[in-house]
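Multiple structures follow.
Okay, so subunit A shows up in both of these, paired with subunit B first and subunit C after.
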Partner chain A sequence: MATTDISAAAPTAPADEGTWDQARAERKDTREGWLFCAPYLILFVLFVIFPAVWGLWISLHRYDFTLPNKPFIGLDNYTSLFDGSSPWSAVFWESLRNTILFGVLSVPLLLVLPLAIAMVLNRKFAGRNLFRAVYFAPYVLGVAVIAVLWRYLLDTNVGLLNYYLGRAVPWLTDVPEAWVSLVGVTVWWTLGFNCAIYLAALQGVPRSLYEAAAMDGASPSQKFRNVTLPGIRPVLVFVVSTTIISSMNMFGQSYLMTAGGPGNETRTAIMQISDTGLRQFDSGMASAMSVIFMFFIIIISGSVFLLTNRDSDARTQKKSKARATA
Partner chain B sequence: MATRIRRRAHSFGVAVAGALLLGLAGCSPTTLSIDAGAPLEEGGYTGPPVTIEYWNGFTGGDGPYMRAMVDEFNATHENITVKSNTLGWTDFYQRIVAAVHAGQGPDVAAMQLDNLPTQAARSVIVPMEDAIEQMGFTAQDFPQTLVEATEFDGHVWGVPLDSHTIASYANTDQLTAAGVTAQATTGQDFGSQLTALQTVGVPEPFWMPNQWPAHLMFLSLLWQNGGEPYSADGLTATYNSPEGVAALTWMVDQVTQGVSPTNVAKDSQYLAFKNSQNSVTWDGIWQINDLKTTAPTLNWSLAPLPTVFGRPAAWANSHQLVMLSQRSPDPDSQQASKEFIKWMVEHSSEWAAAGMIPAYNEARNGPEFTSMPQSALAAEVENFHYMPSIPGIGDVNQQTLELAVSEAVLGRKTPQAALDEQAARADSILASNAEKFATDQG
Partner chain C sequence: MSALTREPMTPEEIEAIPDDEGGPGEGRRRPWLFYTLLGLLTLIFIAPLIYMASTSFKTPEDAISTVPQWFPAQPTLQAYERVLNDPATPVGRWFVNSMVAATANSLLAVSTATMAGYALARIPFKGRRALLVLIIATLFLPPVVLLVPNYLTLNYLGWLDTLLAVIIPGAAGAFGVFFMRQFFVGLPKELEESAFLDGASRWQTFRRILLPLARPAIATLLLLTFLTNWNDFLWPIYTLFSPEMQTLPAGLSTLQSANSVRYDLLMAGAMISAVPVLIIYSFTQRFIVEGIASAGMKE
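Right after this comes the complex of A and B.
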């Protein structure tokens, strides 16, 4: 997304009626542009591109930085994960499955609920600012704080929630209850962020459009579909991709609240990768896991991007066609 | 103007590239000196003033006692300053391994005994047998079982500061109400005490955790039953033996017989004990200070675990003082480090106040220690069992044994099935670890 913005902001193609001189001048401008990007680019290459490529290289070795021997083993790390001969294979795939399950459960909630709340908060009513702050408040807390807090609230035998329920629901020690807890806590925790973004987008939808819709006799649901949704569309795409990516990166909640339990049922991919790489120093295997995980994320967010993009292309085409016929 | 900017950007690029090269140079292999170095002279360290770094993970109730001891050492040693750095055990080993291999490691550290073989295999710590001799200690100064556990690969890797174990905490008010005067010493007595407690209004007197310290309870019971968690060569997991299955079955029985509620979550057995919701809980003796400060009105007693199976046994671990491998060893720091370790062990009766059992026989038999609650366990020292010396064993335990115990206690699998499944996984991890750490020797 960022790249499209940049290319849009800095046109590289010479203007239609421009002379040769002007074209050269503009080419010079691009160089200045690179210059201004340089500080960021250098850091980006140094801390993102270079480690990523190095990680690929490491994944082809049995790599433990504390041991003098780091033999090159080709694709062994990958094949042993795929054919199940690595002791980490089963638990890695399980953690990947868990991560995707968490995404499937939490992303829809994190897209719909904040939008509903943002629309309510966008109306004028007494105490509106208080509620805006209240919904955003959990987001400012760190994951350690919210996890420990909820661990005590959700405790099966000494927790406050079960005390009020009068039953011993195993919120953290059995599935599917543990998923309900983890998804619930995550939604409660991060909902405010999406809510704030939605709210900003909603405030950017011109009032005149709603007035025009009202004049045409549009019902509230028609207004939502034809004014609100198209109005916040670019923001919606942003919210969808960031929410998916942050769900895929889930780690702290299950690490601190369930410790990956019961069994390995709530162990997530990042948890498994960090255990393998940073606790057992098996960097080769951990890098191979990361690469596989990265492909999954690319496939998921890529298809979401294509889906929303094609959809919007279809729409603009339909619109321009409509305009042409009119 | 533009050219000036460009030139500046250019020099910035050069600087960054330079920094990158330096960083790469820092990563390239440079030899570590895996040696305790300069011997400690009899009169102690007499050289020029020196500052040594000491890393430890005592962030809990034990922290203040460790700080006090370091302060006292600094006050009594003019030419040595110990700078201590407390990190928290959760990422202690990650950091110290990275620091040592980057040539930024401390001079001295406290580590848990079961981690020493791993750290030795990773060239993080140095052999200490010569240093121990220079300090004037002999094997007779420490419990036999502990001395044996400290050996790995023909060397001794640390100087024992303490032993810590799990023990049985009991709510004495509730015990008295149930007509019990002393904690049970056998499994049979333990069962009848729990029944007695149930009749006086504690329906679930003994909560069975599925996470920490559940695996420590399991290991203790396994050893009581004459089993071993791993084979002597460190290549096979043996905790799924009949002895292991019986031990885990006993734990699960506490839940199925209703002595414990189901689904006891992380830490709640201990919280419930503080709230008098249960009467007996097995936990680490390092919780003594936490109980004293966070549940000051609770009356409790501490006793060795009851002998449920054939012989008395309890899981134990030990804090060991170690010296770290250095890129550029400094003889003065090395001597000062030894002096510091020697002083700490000799003064370990002060450390006992942190809820530990001093390893040094003289400190353990002294009057300061015998007045402390955990001195009830001092006679058990020879019954303590330590994890076998296998590099990487901590991770194997965490990834397999802890999982098996958890799944059985939660009733998701039978003890036999849970232990069999995880033992098979442990075997393959042990095999890959053996291969990994063996290449190091070559």
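Right after this comes the complex of A and C.
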């Protein structure tokens, strides 16, 4: 068919040859594009796409890989979690509640404190990069080191903190003290991460805006609201969502510092899911839990996205209205 | 009042601009207060690390003395000797495991991500958009969803309790691809076009022109991937079982269950995990901090 096209339209042959070449180039691009992606795609399909789908399938079974039979049970894993008939039900919802509590306590601190520090570091002074490097240092250490270290510092009897407080506070063995410890250590550990992102964003706010605001006689708080916050807005959305998501994924701090205790008071969702699936080998139930957890994360991220977007829409509307009246 | 009509400011006038929390300023009106504040903050971040170092050189008794010793009363290496020689907690072996795993994982992840990131940024191939959307969408997938199925896959492959468990699956994450793609998108197209006109193949262009330009991005990604793998905790504690197969973070958990209040041993183990990272960090902190900051800006 292609040959008849070319022979029939002799005068336009060069153009046809051009499109033919182009088609060949496109095929070459397509072949090369997929070849360049191939090594990554093997890993991606085997360890991300396939398990994501397989996990859903497993959640519809009574699936213990050490047993020969893995019967299909439809949505039973889900319904038994929701109606409380599963022995896992109570502890799963408790772990989800604990995770939310941790998020509610830690996220505001991790949004505000790093911004305050970043604003201090955003001035010009000797040794600025050194301070930034120091505040970021705990973050590179990883959860195992910081949790083992703080379990020592927070030890009720021989810990450094209780020595200086002159009291025997049960930092890791009682609530609410355990929550104070877990939140405090997490803030200490990850503050530098948000601080670095804020600082980069602050450095991108044009100096001239501050000068203009100063000439209009703006107070420091007015400058903060009208220059700083709008200037770092896109980064703010990123920081809010990554901070929420990482707090929802909290695991190592509880695992090493409180072992989920006292009782199950500081057991988090990730801890419960991995325990159910990889220690008790109830893979079907653990998969169902992780799917519920995923929807929970989607709802939270979705509402953050909607809230921040609606807010910015309102802001731009207000601005355009202001411009119209001016 | 337009900025254009103003005279350039004299240094005195610049000094006279009041400081504020938001804008870059000189911050020298009350320098002692400013530096005291920063110093206190620094202490909060540094003091725990100093105390960890100090306790790792203490005797078991001094480590749990009720009066803190910022400097060990009887400095000793016995905690290090003990954790390095105890067959139940072979910290030296864990160190080698962590080194091998983090090196292999970061090389695998960064090489595959660089090629895929280049293709997704620069080769207009069929299905590119859909693939890119799919890869980026998985950035939002909570990792815990993959936990159970990947464990079963490793069991099927016979990779449980081997270092392959902590090397291979972790290299499938989408962050590296996203990071490298963002870098290649930012390079001018003319660079490759002139090479193609000279008859260079796609691979030659990639190897000789783009890879050398990508060196800083590759170095940053290597560092971030290495650190992430070195510090990874959840995956190794469930996929590695034998004492001699642990990585350092998983091993620290073993060490803690075996020696709950032997804080001298725990701090020695923590030091062996922390010091290599702190050394790498002290030389490359600018790359690491700015790499993370730029990943935040790009989103």
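Everything below uses one rule, namely that the second predicted complex is superposed on the first by the 272 of 326 C-alpha atoms of A that agree within 3 Å, B and C clash if a C-alpha of one lies under 4 Å from a C-alpha of the other, contacts with A are read in each partner's own complex, and residues count from 1 in each chain.
The definition used in the following text is that a contact is a pair of C-beta atoms (placed from the backbone, for glycine too) under 8 Å apart; a residue touches a chain by one contact, two chains touch by 3 or more.
Predicted model only: the values in this text are computed from it and were never measured.
Asker: Name the contact category of A:Met215: first (subunit B only), second (subunit C only), both, or neither.
Answerer: It touches subunit C, and subunit B stays clear.
Asker: Of subunit B and subunit C, which one contacts the greater number of residues in subunit A?
Answerer: More residues of subunit A are touched by C.
Asker: Have a look at where A:Ile197 lands relative to subunit B and subunit C in the superposition and call it first, second, both or neither.
Answerer: second
Asker: Which of the two partners, first being subunit B and second being subunit C, lies in contact with A:Glu32: first, second, both, or neither?
Answerer: It touches subunit B and subunit C both.
Asker: Of the partners subunit B and subunit C, which touch A:Ile299 in the superposed model: first, second, both, neither?
Answerer: neither
Asker: Which holds for A:Val158: it touches subunit B only (first), subunit C only (second), both, or neither?
Answerer: In the superposition, A:Val158 contacts both subunit B and subunit C.
Asker: Check whether A:Leu75 is in contact with subunit B, with subunit C, with both or with neither, and answer first, second, both or neither.
Answerer: neither
Asker: Which partner chains sit in contact with A:Met119 here, subunit B, subunit C, both or neither? Use first/second/both/neither.
Answerer: It touches subunit C, and subunit B stays clear.
Asker: Is A:Pro51 contacted by the first partner subunit B, the second partner subunit C, both or neither?
Answerer: second
Asker: Identify the partner contact of A:Ala168: answer first if only subunit B is touched, second if only subunit C is, both if each is, neither if none is.
Answerer: First partner only.
Asker: Let me check the overlay on chain A: which residues of subunit A are in contact with subunit B and also with subunit C?
Answerer: 32, 39, 46, 65, 151, 155, 157-158, 278-279
Asker: Would you mind writing out the residues of subunit A in touch with subunit B in their complex?
Answerer: Counting only subunit A, the residues touching subunit B are 32, 35, 38-39, 42, 46, 62, 64-69, 71, 86-87, 90-91, 151, 154-159, 168, 170-174, 259, 261-264, 275, 278-282.
Asker: Once bound in the complex, which stretches of subunit A touch subunit C?
Answerer: Residue positions touching the partner: 26, 29-34, 36-37, 39-41, 43-44, 46-52, 54-55, 58, 65, 117, 119-120, 122-125, 129, 131-138, 140-145, 148-153, 155, 157-158, 160, 163, 188, 192-193, 196-197, 199-205, 207-208, 210-212, 214-215, 220, 223-224, 227-228, 235, 238-239, 242, 245, 248-249, 251-252, 255-256, 269-270, 273-274, 277-279, 283, 286-287, 290-291, 293-294, 297, 301.
Asker: Would you mind writing out the residues of subunit C in touch with subunit A in their complex?
Answerer: So the residues of subunit C in touch with subunit A come to 1, 3, 17-28, 34, 37-38, 41-42, 44-46, 48-49, 51-52, 55, 63-68, 108, 111-113, 115-116, 118-120, 123-128, 131, 134-135, 138, 140-153, 155, 168-169, 171-174, 177, 202, 206, 227, 230-234, 237-238, 248-250, 252-253, 255-256, 261, 263, 266-267, 269-270, 273-274, 277-278, 281-282, 285-286, 288-290, 292-294, 296-297, 299.
Asker: Hey, which residues of subunit B end up touching subunit A in the complex?
Answerer: Residues in contact with subunit A: 2, 5-6, 9, 12-13, 16, 20, 29, 94, 97-98, 101, 122-124, 207, 210-211, 261-266, 268, 271-272, 275, 277, 392, 395, 399, 403, 406-407, 410, 412, 425, 428-429, 432, 436-437, 439-440, 442.
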